[in-house]
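Reading through the structure tokens given below for one structure.
Naming follows writing order (A, B, C and D), and every chain is counted from residue 1.
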Amino acid sequence: MLIVLFAIGLLFLSGFLALSVGRNGGVANLLGGCGAFSGSLIGLVEAVEILASGRTEQIRWAWSVPYGSFLVRIDALSALFLIPIFILCAVCGLYGYGYMKSFCGCKNLGAYWFFFNGLAASMAMVAVAANGVLFLMSWEIMALCSFFLVTFEHEEGSVQRAGWIYLAATHIGTAFLLVLFLMLGHVAGNGSLDFNAFLGSHGKMGGYADVVFLLAVIGFGSKAGFVPFHIWLPEAHPAAPSPVSAVMSGVMLKTGIYGILRILTFLGPPHLWWGYLLLGIGLVSGILGVLMAIAQHDLKRLLAYHSVENVGIIALGLGLGILGVVWHLPVLAVLGFGGGLLHVINHALFKGLLFMGAGSVQHGAGTRQIDLLGGLIKRMPWTCVTFLIGAVAICGLPPLNGFVSEFLIYMGGFHGVGLARSAAAGAVLIIGLALIGGLAAACFTKAFGVVFLGEPRSPYGADAHEAGLSMRVAMLLLAAGCVGIGLFSPWVVKLMGHAVAESGAIPYEAVQGFLAPASSALLKVAVVSGCFLFVVLVLCLIRAKILSGRTSSSEGTWDCGYFRPTARMQYTASSFAQPVTAMFEAILRTRSHTPSFSDPRGAPVFFPDAALFESHTEDFFLKSVYAPLFMAVKRFALKFRFLQAGRVQFYILYIALTLFVLLIWCLR
Amino acid sequence: MILLLVFLPLVAGLAAWFIRSNRLRRLLLIAVALIHLGLTGLAWIDRPGPVFSGWLLLDDLGLLFLSIVSVLFLAAASYAVGYFQREDWGKRQDFEDGFLFTNAREATFTCCLLFFLATMSLVCLSQDFGLLWVAVEATTLASAPLIYFHRHRRSLEATWKYLMICSVGIGLALLGNFFLAVASTIGPNESIPMIVGSLIANAPLLHPLWLKVAFLFLVVGYGTKLGLAPMHTWLPDAHSEAPSMVSSLLSGALLNCAFLAVLRGLQVCTAAGQGQFAQEVLLGFGLVSMTIAAVFIVGQTDFKRMLAYSSIEHMGILALAVGLGGAAYFGALFHAVNHSLTKAMLFLVAGNILTAYKTKSAQEVRGAVKFLPISGVLWFAGFLAITGSPPFGPFLSELIILKSALDQGRIAIAVAFLLLLSVIFIGMAAIVLRMCQGTPVLESTGESLQVETSQARRAESALAVIPPLALGLGVLVLGIYLPPALSGLIEHAAKVIGG
Amino acid sequence: MNFGRLALPVLALALAPLLPGIINRTKAVIGGRDGQPLLQLYYDLAKLVRKGAVYSHTTSWVFRAGPVVGLVSAVAVLAVLPLGGTSAPAGFSGDLIFMAYMLGLMRFFTVIAALDTGSAFEGMGASREVQFSALAEPVLLMALAALSLAARGSGASLGGGLFSLSAIYSHLSISTWMRSGPALLLVAGALWVVFLAENSRIPFDDPNTHLELTMIHEVMVLDHSGPDFAMILYGASLKMWILGALLAGLLVPVRSGNIWIDTGACVFGLFVLAVLTGVVESVMARLRLTRVPQLLVSAGFLSTFALALIIWS
Amino acid sequence: MNLFTDVVIAVLILTNLRLIASSRISACIYAVACQGVLLGVLPLLVGSSHLMVRACALSGVTVMLKGFFFPWLLLRALKSANVRREMEPLVGYTSSLMIGALLLATAMWFGRQLPLPVPAHSPMVLPLAMFNIMVGLFVIVSRAKAITQVLGYLVMENGIYAFGLAFALSEPSLVELGILLDAFMAVFVMGITIFHISREFDHMDTDRLTALRD
């Protein structure tokens, strides 16, 4: 406990130091980076240890704030979320040290590191806070820090817009949380917002439970990026500097998941529709997320939508888990929660890795527009390899970590199919996961293939350069993590037992019992995967051997007889994705501007001049739900401007009327 | 000592009128502010007894508001000194309409400023309803010339509306006092003295119906001053036209004084068993005010007016909280403290921005954070604070209010409260973000950045930055750690209201 | 027994290239041609392995890694693939997911290898491949889920080997067919569609057209040559063997318990399957690409319906 | 005595109607002056015996201020600002009169709804006070010129004053203090502002004072 607190303190402190150094970019960069790295590592040690031992520690200090007490508690669940937080913050500290160098001089790096370390610390605080006020404060500080990081390059208009959307979204979400905690406090009585008090009040919940759960899904879901509360993600992630997008998408979203799980522990036995709700949200988020991702042209925006998809997968797991608890099918519960929680860690790893890759691409090539890139594999080999690993992992393909968590959830689904009661849920889950997996593969073959392979499609791609050392090391670390969890999955799964027990309220032994077959299966997976890698290696060697002596000439790509292919003839990302986007036209509503080869009168033009084709897919919810809503509110407000028309006569009339109305109301 | 609190500024004001040398006068201003603060601090340590047979008495409620007034006045005074230094006193062109205008004499201004302090202190001190009324009236008198500091049309118009509307309101308040007198007549030619204490003491004897009507008149009358919608109409004009430190005093201190007056009425009603009725009225006013504020903040173009409307919003919150009662009394008083500090700071910062950019239009201000490093950051921090985000004080007070609303099972009110707060937050965010972010180019005047930076330096002189900075730190501290002394005082004050 | 199990992958590795040969023979016979010999693919592989290779300047190590990874993932699947009643050497609970995703890995690398050439045609093929497989994957998994249920219904608990292909197929007996025949028929239909689609046979794709615009799988591997191409062909035939084995194991429910009979029956079933494919290819035309998704989705409906039948009957 | 009171009250009400109906500012000012004088008489009528001295002093001051000083000041402001002499109403005279009648009715209603706790000298005083206040507000609302608004404000003050005299006379001398302070404010501050307005804008038409708006 104390070590984690110390780590948090260290993070804050280094942030302040960096800020105080302020304009002196280099020093601030060094201070902040080291602070983030060391602080997170220190915290990581104890988090892992506590997760393994599954014990609970808490510290309470008096705090003169209404309803507030400085009560921090760390149990397996908190530890499980602390681990990705600390890992990713450490790595992103390392990465950021290299990434931010380019801003040195023109921007205030002190501020950057102040907010970055603040973000890291506040996320950790969110995971350990055990008092409503403390939690809300940490939550809001986290939101504000991330907001300032998102708007770090606030000179660009797009960034400003993103910042506003993000701020509005997170604030509204917090409003729901406010009500949530106050309701819990109301139920618990005795005017305290300590989590311990909530834990005691299962019985008194009654009808409040449903309301509270709904509030949690909305409030925390808006942070986690559940559809339809996801709109801020695709705006904020591209706007933020890449290490920040990595942290935000990798772990900050997960604080929302953590919140939901934590609230579940307060509500006692869950209700059936909660499970179905989460399942539905997960399905919708997963499929919509991946579909939107396929249609994107901006690499980071694409990744942002994939975060929506992965959060959806996590929600699928949790929903299944809740259903398992409701139906007293512990095997469903264990596999669901286990898969979901493991996916929390895995997604943190590979999504962080991918965002870093995108960052290096932007850093090296100067653009995020997929269709302008190409052939980066020759200029940025390291980024390419790590990005490939991330891509394979996020598609849930063996032998990497993405497969492990999806495997657990799948197993839950198959178990569910076996019983008439849960068959529908299981079937939906399997179909959904399979579809998501296939589409994700489509999306990442596109992203990786178009960005890194083939020929450069524009000068951007042509004169790119590899990322700096610290950035490469950071990416390699996460890539190693992806492979490691993939190969050592059984032990990882065993490690998670306590957290699963916490979140499902299932005895630990039972959890281990139900995880055992899964982990034995995973052991086989690991073995086969190991052999797989080995055979691949061997085959590569053989191949090299047999080719060594032979003539392996080098020609232009075979273009079916067309003898002068150019880079612009390559398949673009848009064309690659076109079949899928066309297939889901109804959902995506991709709008494209085709050039017309006919003059205004409709007669064909035989020598058309330079034509341009472009297509873009806007977020349905943002475009057709939220924007109109806000506009309506604004128009409504403007309707009432006449009240303040500037004529003192009217003003006095208001007073007189108010008085009369009140008098009549009072004397009636 | 109580008398000193009132008469010291009064005498100093008279003196300031005659003092020739600017330096001496400014010294006097600061000195009085400091002494006043010191006296208030003494009052915290040992409470002075009643004066004039209990007409003047410093109870917990009064002390709380007196402290606010005193602190804000120090900030405003020190800011004013810097303001005098950087203000050019000759004829100069108005940046909006372009006509020429001059300022009022500095002596006059200082004098009125000190009178203003005296009258506000009197409001906090007076226990007798008549005297309270006189004091509130006097604040209007003293502040009118302050608003008309820049001698030009807009400020004149603002002053005129301020006077007209507030006088009507104050007249109604006077009538309210008479009704109270009638309610307190318990026989031919004999009646309870109109002193809060004694009224509460024999509350049961009060005539309920007349008391009700009296309270209505008091609320409408003082509510005009307090800026409760729909009597708020003078507020945006006055706040946007007055010089910044005056605006900060108006919305930070003056509104609180009016609020105190309403609370006095509430005390009597509660004691007489009419609390239910009074609270319903206040609740209604609170919701209406918040709604009006939200409506006018969304898409607001003038950032000083935006602040003014946000003051209306917060007065609404206070009324709402008092209307809820119970634990919300504490929340209301705590929120009054938070709001005063935050809003004063925001107005002072707005003054700096105004000086630097020479425009009140939020559209034309860009990149404040880059251009005015300190003021810009303070501006954004203040925005966060005033919209009730942690870790600033208002978050806690609004949390308390919301909690008591939920605990009383008034879900609808809680929902409306949160909804309006969210709307206001989003509206203000759209404005403030636009002002803070981006690159500092002035659409209004295409002057070279060289001139601008000189302006920036002018706007960020020490005296212009330190007062708001101090206030901002105060708000931050209140958000993280509520000093037991303060919370104790607030609790006692809440008991005073709650009876 | 265990030895027999280990023999399964060897059998597959040995016999897989025979399937395309059989298909082509069938087509030749029906078409009245004396077409290529039965063992054509073996000759091709042998020849290709002995050849050198030509690479485009555009390509990188991804292009070279593609075939290797593809082949090895197919081989990895063999480790969990039962043949009729004969269990796989490394079967485990949930290996059906592993199989599906290993095939996914194979596809992933084939696709990026195709994209590595930067050729418009190969990009086109890759794009179609991912689109169709995204739809085929749910069908496959649903079908297998239905099978697992049907197998479990036989009362015999699958024990630890829950959801392992081996366990499922070892329990698919005549009695299973008796009990839930129609459902199994639907599943077979779905698997048949998947088999054709994944192996890019008519009506989804035409392996021997030479109009690149219309091809899916073939066009992705245009640029490969020499040993790389050999690996691709071999991997493709293995894939056909794998998916075929799923289908044959279902359609030939011989569970005598004698490993030789069971395996033999299943292999025979595989060959019949190949003949059937040949027949289909000779009598049917290729679908328009825009119709392909509809066929796949309807296959998905088939399998889901089958699942429903099994659960609520 | 009550007879006189009632007569005075009736006349006061009539002056209000006159105020509403007349089209010339000067006439209105005279009406207000007349009101002031009558109000000055009022304390002598209602004042109970033991307060006689105070009542006399009060009435003297009132007559001086409300009867002569304010009107004179206003007339002077009128001249100095050399504005046109019409009221320039935003609401026509006839309709004003009708509204006036309505207001009278409302005032009566209030009088009936609010039974007095103590026996009053005349039941009409409360309605009168309310009526005066309403008329004052009405004049402020419905007339364009700054000076007419001051006028309306004075009328309102008169109403409050009348009420104060009638019921709150037993209160300590605070009432007068309030009145005087109020009157002071009304005239001096407003007078000064009017002076500034007429200087800045060379008109006193507050209807055109609408630069500050949203």
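One rule holds for everything that comes next: a residue touches a chain if its C-beta (ideal position, glycine included) is under 8 Å from a C-beta of that chain, and two chains touch if they have at least 3 such contacts.
Small disclaimer: the values here were computed from a predicted structure and weren't measured.
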Given chain A and chain C, the chains that contact each of them: none
Nearest-to-centre chain - CA centroid comparison: A
Which of A-B and A-D has more C-beta contact pairs: A-B
Chain B and chain C: spacing of chain centres that average the CA atoms, whole Å: 78
Computed distance of Cα centres, chain D from chain C, in Å: 101
CA centroid of chain A to CA centroid of chain D, Å: 70
Averaged-CA centre spacing for the pair chain B and chain A, given as whole angstrom: 44
Sites on chain D at which at least two other chains make contact: 114, 137, 140, 149, 206, 209, 211-212, 214
Junction residues of chain A - those touching two or more other chains: 641, 644, 648, 650, 652, 655, 663, 667
Pairwise chain contacts under the document criterion: A-B, A-C, A-D, B-D
Residue ranges of chain A in contact with chain C within the complex: 374-375, 377-378, 388, 392, 395-398, 403, 407, 410-411, 414-415, 417-418, 420, 423, 426-427, 430-431, 434-435, 437-439, 441-442, 444-446, 448-450, 452-455, 517-518, 520-521, 524-525, 527-529, 531-532, 535-536, 539-540, 543, 546-547, 550-560, 565, 567, 569-571, 575-580, 583
Chain C to chain A touching residues, read off their complex: 49, 51-62, 64-65, 68-69, 71-73, 75-76, 79-80, 90, 92-95, 97-98, 100-102, 104-105, 107-108, 111-112, 115-124, 126-128, 130-131, 133-138, 140-142, 145, 148-149, 152, 160, 162-163, 212, 222-223, 226-228, 231, 293, 300, 304, 307-308, 311-312
Chain B residues within the chain D interface of the complex: 128, 130-131, 133-134, 137-138, 140-141, 144, 148, 152-154, 156-161, 163-164, 167-168, 170-171, 174-175, 177-178, 181-183, 185-191, 193-194, 207, 209-210, 213, 236-237, 240-241, 296, 300, 305
In the complex with chain A, residue positions of chain B that touch it: 160-161, 164-165, 168-169, 172, 209, 212-213, 216-217, 219-220, 224, 230-231, 233-234, 236, 277, 281, 292, 294-296, 298-299, 330, 334, 369, 384, 387, 389-391, 395-396, 399-400, 402-403, 406-407, 414, 418, 421-423, 425-427, 429-430, 433-434, 436-439, 480-484, 487
Complex interface listing, chain D residues touching chain A: 90, 106, 110, 113-114, 134, 137-138, 140-144, 149, 206-207, 209-214
